[in-house]
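Next up: some structures, all given as structure tokens.
In what follows, chain A forms one complex with chain B and a second complex with chain C.
What follows is the complex of A and B.
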């Protein structure tokens, strides 16, 4: 805004101070997590509140990776998150395409149903889901988690995909169809390549959502073999509640997939989130 | 479409089948989404509402059946429920207020020009990408005097008499999850409001400058009215979302100490997860749903009356 560009040096200093506050507030907790993770066990208490440890170690990471079930949790979470992201994106892309390109009877009803699923407390269905999953004999299976997460994420992903399809001119497919493609071929050969960034963004959003879901995983999984990362870490924390360095090392490792996704998605954030939906 | 070479009847047939395909096709694309949502969300939702009127406790498998409004009567005289309701109110109000004002401030800052903007934007949005369970654990550790600096800083500032863990103090415990939630939620408001700010036409500001408007006048007369619709919708959705948001509190305090951080959604979860009393948990959930619906209706009516753009 012009008003601030012409303002006094005092206002400019104030602005940079405010920005510094926001950056510090955003980063400090993560910095602290990483700091404790690389502090040798002996120094954790003596240097409790020092901002920089006097010595570094990667021992905690080693222990976590090699001597705990951490890698198994990591693998389970990867299976669930990738499975959920892939299935959800395919289903949501189809539904988003229908919303974007067709007018049909019941469209408003289906949109309304999808919006309702975003408004009610998900915890409301935790008991029925548990009973259904138990009856089907799917407790402690990653499949049940993938199915449940897929359903939770379809509405948001559909609206997101719809906004990406809306951004692609309809003329392109019409041209393809006049040239003899069926609609499906036009979709596959013309529209999908143009939607690749949108598909990537949707995959990323769903992946992180599935990666961080905790409460349904707690309810549906209680065998150590099938635990996802959040459940595993929480069990880990309550079991080894004094091994601070190891817990924080595990935390830092849990951050890795989310941060990778974030770096990838950062550019699209402002456009993507506002055109898609406001739930996040 | 090979119908082009045919005469008129063939052409109508081709157009007819095209018409039918056009009618059927969207449903084909939609059916997987609709089937999955119906089976995994809507059917359980109906079952969940029906549980509220039944005795369903996995620890007492023989004692089941329809009980009418018994669960709700129990709820009415449950002191924990009223405490959780009060806590839900403070949790939601505290979180949304700080998230909104700090988010708005950040959006206004990011809408100006400054050195290193891309990097700053990436860094301040980072908390949004941190999984909630990890945000919760990180903040719980920061508040722990053994390894976290916060109690020592608070004591040095004179806010605490000595460095102890506020998560264990019934009077202060709620501030722990609220802080974590504010940290986690600022980027959401900043992102949505920044996008709305960027859609305000620049000419308006130029005109205001020519007319000699002060920065404050520009903000209240141009920026705020343009942001109002976005503010209304994000605050409403966010309020509902925060009121339902149990993860942070569940991980940080588990609702304790002495239920001082128990909100309705954590109460639902602990009742279902620890006590396996699905009937009672569903009754709390139905009550929460009813309250949220009332809130949404009130807000929509208010919005129609107040915001006239």
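What follows is the complex of A and C.
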């Protein structure tokens, strides 16, 4: 054990160097996004690839927030993403629990069907989806996006939740039922508190997926009122020019909810909530 | 307090039959131990009694009331799981008081009962810890505490000590014995540790492959096993089983020695002779039934186990009290305590005297 812990200073340095390199590599695009967002328009092209702009400005943020429809897009995206994440997670939790704990007829068939839905390229089904949504009269509505996103995310979310439930020993529920719970009480008082990390991860994952989805949003939404953020971002690309500064500023702002969300749920993501449940 | 009755209880998973035709009456306050090899259905039977596993055949009564379909929460039984199954997000006192919390007991009652149980089990200083901050033995105590707090009509234990080290196991075994004396509640205890079985049980139920082999007091099983399986399962080290042929004057070992075992087994033909290592003796040559060579001698201090090899008969294990001065390779002359030897028929059943 000790030999493992007391590795040589060289190895430690190497490890940190590798980590630093990785972090720099992963974060560089984000840095560039932020950098362009605070660079005055005039300097974007003249200073080109300079790592740090010679002057800073928050003008782009101001313009985006006050003079564009950004806030509306932002609100639409929030509604769609939160709606999708909430509905998907509730359904996925229920389905995942059933898959994890019960044996019922057709279980394998349902699982197979859910996997099959994940195999088609989105492009193939976009036309039929458009047709269905149009027939329902839901084009240009946020509802249509919530429904479509929910439908597409449920299989993955269900498998994710199932694996979290699988990780909770069945003995715990049995103990709960012996202690006087109904099955539902055991689920609510014992399993649910232990599944919070799973619920958090699923919520976060679906939220992010819905937040950045472009294809369906582009197809199903045309009116400016109902545009979500990724579609709205495209309005910064006009026929003759691309408003880089504003686009990047909007991008930076768009990162805020995801970050907040993960800061909020990260305390539920800590590993090992079930440690101590079983043996020694 | 509960008298429990199992009538023709059976369990199958689809076409897989796990238990069949289990008949057992458990007196109020009795300590019953279920033993058997791994996979024989002990846990399944216990879980059926607890209500965690549906009963697929037969009748299950507690105090004369049919309980087959009663959910676990209405059976008034507490269970200690092999895995302990402590609620990881609740501290020790909430773990122990959870059943009272569910039954909406008053706060004072709850803390009084939890406090009592914690004192009994020496957990008072740990009541605010989460299970993950406890050692294996402490977790085990909490699991017991959770059962005691309930004051149930019956306690069910599924190998509660199997995850503990040897010393702790002995300590907890005594704890459970004391608990039984104090509460005088019906207890059903699953184990495959035969020391636990022999020391704790009023009666032992030996299961094998879904069937009850024998039910009896520890002494019954040791002295009068109903068949070869029970004979070999109970007692440590394991009983020697030697092939024999029935003759007019007794039974003949494979090397030709005739042992006069009295009038037993006249009805059927004896097929095997079973004799426990402690019922074999190392004797002077002229008194010996078997002559062999010591292949391995284990000095345990209190006992000496002599693994001998007897030409024509096979390996024989002899147990001598105290230190016995014998080395590997020495000749051993073995006498059989014929009074205490058993004869088994071709079907494995013991031939009664």
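The criterion applied here is as follows: the second predicted complex is superposed on the first by the 229 of 280 C-alpha atoms of A that agree within 3 Å, B and C clash if a C-alpha of one lies under 4 Å from a C-alpha of the other, contacts with A are read in each partner's own complex, and residues count from 1 in each chain.
By our rule, a contact is a pair of C-beta atoms (placed from the backbone, for glycine too) under 8 Å apart; a residue touches a chain by one contact, two chains touch by 3 or more.
Only a predicted model underlies this, so the values are computations on that prediction, with no experimental measurement involved.
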item: Touched partner set for A:117, first chain B, second chain C, both or neither; value: first
item: First, second, both or neither for A:180, with chain B first and chain C second; value: both
item: Partner chain in contact with A:169 - chain B first, chain C second, else both or neither; value: second
item: Partner chain in contact with A:37 - chain B first, chain C second, else both or neither; value: neither
item: First, second, both or neither for A:19, with chain B first and chain C second; value: first
item: Touched partner set for A:199, first chain B, second chain C, both or neither; value: neither
item: Of chain C and chain B, partner touching more chain A residues; value: B
item: Partner chain in contact with A:160 - chain B first, chain C second, else both or neither; value: neither
item: Partner chain(s) touched by A:190 [first = chain B, second = chain C, both, neither]; value: second
item: On chain A, positions contacted by chain B and by chain C; value: 180, 273-274, 278-280
item: Residue numbers on chain A that touch chain C, as the complex places them; value: 169, 171-172, 174-182, 185, 189-190, 193-194, 272-280
item: Touching residues (chain side chain C, partner chain A) in the complex; value: 47, 50-52, 71-73, 77-79, 81-89, 98-99, 102-103, 130-137, 139, 146, 150, 163-164
item: Residue ranges of chain B touching chain A (in the complex, touch as defined); value: 1, 21-23, 25-27, 29-30, 32-34, 36-37, 39-45, 47-49, 51, 56, 102, 105-106, 109, 111-114, 120-135, 137-139, 141-142, 146-149, 152, 183, 186-188, 191-192, 194-196, 198, 205-206, 209, 215, 218, 233-234, 237, 240-241, 244, 246-247, 250-251, 265, 268-269, 272-273, 278, 281-282, 285-286, 288-289, 292, 296
item: List of chain A residues in touch with chain B within their complex; value: 1-5, 7, 15-16, 18-19, 22-23, 25-27, 29-30, 32-33, 36, 44-45, 48-49, 91-92, 94-95, 97-99, 101-102, 104, 107, 110, 113-114, 117, 119-132, 147-148, 150-152, 154-155, 158, 180, 183, 208, 211-212, 214-215, 218-219, 230, 233-234, 237, 244, 247-248, 251, 254-255, 258-259, 261-263, 265-266, 269-271, 273-274, 278-280
